[in-house]
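In what follows, structures are represented as structure tokens.
Both of the next two complexes hold subunit A, though its partner changes from subunit B to subunit C.
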Partner chain A sequence: MSGRRSRAVGLAAAIALAAVPLVVRRDDVLNFLFLVLLSVTLAESWNIVAGYAGQVNLGHAAFFGLGALTTRALWVAGAPVLAAMVAGAAVAVVFALLVGAAAFRLRGAYFAIGTLALGEILRITVGNVRAEISTLPAATIAGYRLAHRYYLALALAAVSVVVVAALGGSRLGLGMRAIREDEEAAEASGVGALRLKLLALSLSTALAGLAGGLFAYYHISYYPAHPFSPTWTFDSLLITFIGGVGTVHGPLLGAVFYVFLKEFLAIRWVDFHLLIFGALFVAIVLLLPGGLVEAAARLRALTRRPGQAC
Partner chain B sequence: MTPFLQQLVLGLLLGGLYGLAAAGLSLVFGVLKVLNVAHGQLIMLGGYGAFWLFALRGLDPFASLAVVIPAALVAGVILYWALFGWVVRAPEETRVKNSLLVGFGLALALEAAAVRLFTADERSITTGYAGAVLSVGGLAVPVVRLASLALALLLIGGLHLALARWRWGRAIRATAEDWEAALLTGIDVRRAYLLAFALGTALAGAAGTLVSVGYSISPSIGLEWTLKALVVVVLAGLGSMLGTFVGGLVLGLAEAVSAAAFGGPYREVVGLVVFFVVLVARPRGLFVR
Partner chain C sequence: MERVSKAFGGVRAVSEVSFAVADGELIGVMGPNGSGKTTLFNLITGALVPDGGSIRLRDRDIAGWAPHRVCAEGIARTFQLVRPFAGLSALDNVRVGRLYGRARGEARAAAAEAERLLTLVGLEGKAHRLPAQLTLIDKKRLELARALATSPRLLLLDEFMAGLNPAETESAMALIRRLQGEGVTLLMVEHIVWALMDLSRRIIVLSAGEKIAEGPPDAIAADPTVIEVYLGGAGGSARRA
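Right, the complex of A and B next:
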């Protein structure tokens, strides 16, 4: 990927997406694109910890859920939505730093199952404490504008992509990747592993918290425990791996592919998409660890070869 | 006092199933160094096997173990050939991580397939003797659950003996200790892996059968059972099947106590909090001896 070209393509895509609500007057299209953009944000944020720092965080939904819980409470109480979202992100980051110091004592699969347990603890607790459905007041519903949600989702997805891209080329990103490859070796060459992992987790959970806030701003009614459901983590993981873990455009491609196929399959068979994505995911882990990005690169290499031969 | 004791009895009976559920996971993790997070989904499928044998053929659920366990063994062999046999070729560090990912994909696919095939309804096997209760000193002991506990203990005891005495059982233990040394002494490590994985799957099938009799099953119970089994594995450590069974009983009791102390909805939370604390306090110690 040449940096300048992908930047130009990204900018063009962002402008095109920004023009969509002006041209298309259909809510279903905007809702669909909203879902894609939310998935991009979640997957890119998950990708920071898993793809760059190499830690498979199976508790990602907890931070998404905390963002949603905080934002919804403050926003419904009368705070401006952006401030509420920032507060939601702050709560997510504070929680991440609190548990991260403990959880990062765990390596590899133990970190994964430890964070999975954390996510489940929060989900069950929130489900017990806030069991009743959360619905917006009638006045807010009357003033509901889908386009506002859409632009916010677009901005957030763009920020996530830019953050991951900036991280990829920076010293910090290099340090994170060193940890991913070999933590002891990284420590030995002067990388502060715990500090960098906590930084990666903070960035990741801040974005996840903002995404949670967006969820709370978007949905008219939902059960407060729903954004804590592990399916949000699983979606992020599937999208990132299908697209290409540890790359900037992998989660982008993955999100478009995932949401398209999911909606397409859901029209005919409810939940059937998970069977296909589960199988696809296993195949990718075993056969094509680089995901769609690697597949594209291989395909390009194949088609280029005859040209070079001449 | 009696309601509390009653809770403890029920917790102990459920704990036996936790132990059985964890035994399969522990065996696979200890020997192959592969963490199969689809273990709970295998339990779920075992439960459906027993359920359909009962619903369509009228087979008694305890008798259906004779069908479910061999079928699960075969399923384990197939899963090993198709998936986990590839995972064990990787060096140990990437092996655990890859197995986690592969198990995760498998879990999703199995759960979605179960919803397609069996619908998302909750099911449970109701036999003619389902309501039978033994009364011991004012405490009610459901007969079916007591029989399940006894069967779980029997299966784990049998496995313990097999690992101690049987030639291949000892090969499995040697492989778990140090696969390179085992290879040098002429043990077919790949076959020990295959056997351990198939046995682990068979245990999951047996656990599922018992869950479908005394409790209930649905396609979505997998994650919950995987977590229970993981909690027990962390509490009990690897290497001893009887220890794992005791770990299961401890978790069952702990859940009963916490349900009495904090209320029913929090029984899961307490187990998970204990799990996280133990995991963090002894990050390697409890898994690696």
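Right, the complex of A and C next:
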């Protein structure tokens, strides 16, 4: 899709989504769309580090969780929610820089394992220290407006898509992709790999931290360890791979497809859907490494030149 | 560089090697397998940190610098086994060098400059191909363009002609001569001795990590130590290049 056309489509979609709470007065629709938008944000943010800079971060939930933890604490204590969310993002970024400086010494699978371990350590720690469920005060529940959460989710998803799109065409994005392809050759071409990887991680975790804050603002009650669950990481990973890793549109398409299918399957088979997603993931990595974005491009090529395989 | 050394465990891969390169020169480095040629390159480009000695580029000691800083200072390289960025188009491969190397070009000018370099190395019309769609020599041309895009003061070519057929070797040599004509300073490791002798004004010979000879090609070809290293002591049958 050309830049101008995809911008026009994106803008139209954003306007349509913004109109939904005014037209549709059903909470289940808004809740569902909220989940899609939250997934878009998380997947796009994961995509920055994994898809562009090529570092498979399996500890993404840790930054989502830190954002949630910080935002919930500050907001419930009386801070404005936006300020609390920014603080949550800041905590996630500071933690990311500390961790990244060490973890980026690990390459490939070791980086993935290291970040997975880190996420789990945080989840277990938070689960022990803050074992009791976090519920909003009655006064806050009384004033709860779902539409506020929905608009915040829409804004955040739009910001994350714009950030990734801007990154794609930029000098920074090109440097990150060079690192993904061959870190040593990138260094030899003047790309400061560690600095760029830390920058990618900061951008990614800032968005994940904001998404965590949104989660804390949205849920009336949840266990504080829940947003640290590796599910958030693997959802982001699956969405990005299903949609198309390292592309702007991939996580968007992937999130819509994934959340729909997940809700549909979860209603019927509860946890059995994980097995289906596992198989789907393997199939996509093996047969369609470019994800839905590649499938769409192939389909377009086919319809443009009927009778000719591409 | 002066008295540069590097050991891996007990093996002295490069031992107290010193030499200098002047602007616009083309210097060849030769030596049998395992004589430390690639290690030497890795030391100069920062991929390895020397155990001792100094490496100076215009009065700055760059020994032990990170590779990207060495590149920004003005030393670029190609790899013995080509390493293009597989997921990026030829144009983007070269743009990386332009946007991150010594030149640090502005994004819009970088694309035009990258196109110019692709044409210079003989890849005109192939800017939007992926490296996988290029032949070996074209991949080598691409790596050369990427290295040139960083505006190097010194360009290191690591066995640029390895794996090429005779016709390709000829065109690779023509390309290197063209770079020389453009004033690029070159240091090249090469196994194809005749090509090296033909291109270089000065040759450095390494053996077991030590510099055993340095001089013009004729002198090197007649040097008894070099002949001994290459022909295993059959000093009588000196080979003329």
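Just so we're on the same page, the second predicted complex is superposed on the first by the 306 of 310 C-alpha atoms of A that agree within 3 Å, B and C clash if a C-alpha of one lies under 4 Å from a C-alpha of the other, contacts with A are read in each partner's own complex, and residues count from 1 in each chain.
The working rule: a residue touches a chain if its C-beta (ideal position, glycine included) is under 8 Å from a C-beta of that chain, and two chains touch if they have at least 3 such contacts.
The structure presented is a predicted model; accordingly, all values stated were derived computationally and were not measured.
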- Message: Quick check on the superposed pair: does A:A297 touch subunit B, subunit C, both, or neither? Answer first, second, both or neither.
- Response: neither
- Message: Contact-wise, after the overlay, does A:L146 reach subunit B, subunit C, both or neither (first, second, both, neither)?
- Response: neither
- May I ask you to decide whether A:R171 touches subunit B, subunit C, both, or neither, giving the answer as first, second, both or neither? second
- Query: After superposition on the shared chain, which partner residues are touched by A:I220: those of subunit B (first), subunit C (second), both, or neither?
  - Reply: neither
- Now for A:A102: first (subunit B), second (subunit C), both, or neither, which partner does it touch? first
- Query: Does subunit C touch more residues of subunit A than subunit B does, or is it the other way round?
  - Reply: B
- Have a look at where A:N128 lands relative to subunit B and subunit C in the superposition and call it first, second, both or neither. first
- Task: Please indicate which partner A:F277 is in contact with in the superposed arrangement: first for subunit B, second for subunit C, both, or neither.
- Result: first
- Query: Who does A:W269 touch here: subunit B (first), subunit C (second), both, or neither?
  - Reply: first
- Message: Does any part of subunit A touch subunit B in one structure and subunit C in the other, and if so which residues?
- Response: none
- Item | Complex contact set, residues of subunit C against subunit A | 45-47, 66-69, 71-72, 76-77, 79, 83-88, 92, 95-97, 99-102, 107, 146-147, 149-150
- Per the touch rule above, subunit B residues touching subunit A in the complex are 35, 37, 83, 86-87, 93, 96-102, 104-113, 115-116, 223, 227, 230-231, 265-266, 268-269, 272-273, 275-276, 279-280, 283-284, 287
- Note on the structure: Per the touch rule above, subunit A residues touching subunit B in the complex are 56, 102-103, 105-110, 112-114, 116-118, 120-121, 124-125, 127-128, 230, 234, 237-238, 241, 269, 271-275, 277-282, 285-286
- Of all residues in subunit A, which touch subunit C in the complex? 170-171, 174-175, 177-178, 180-182, 184-193, 246
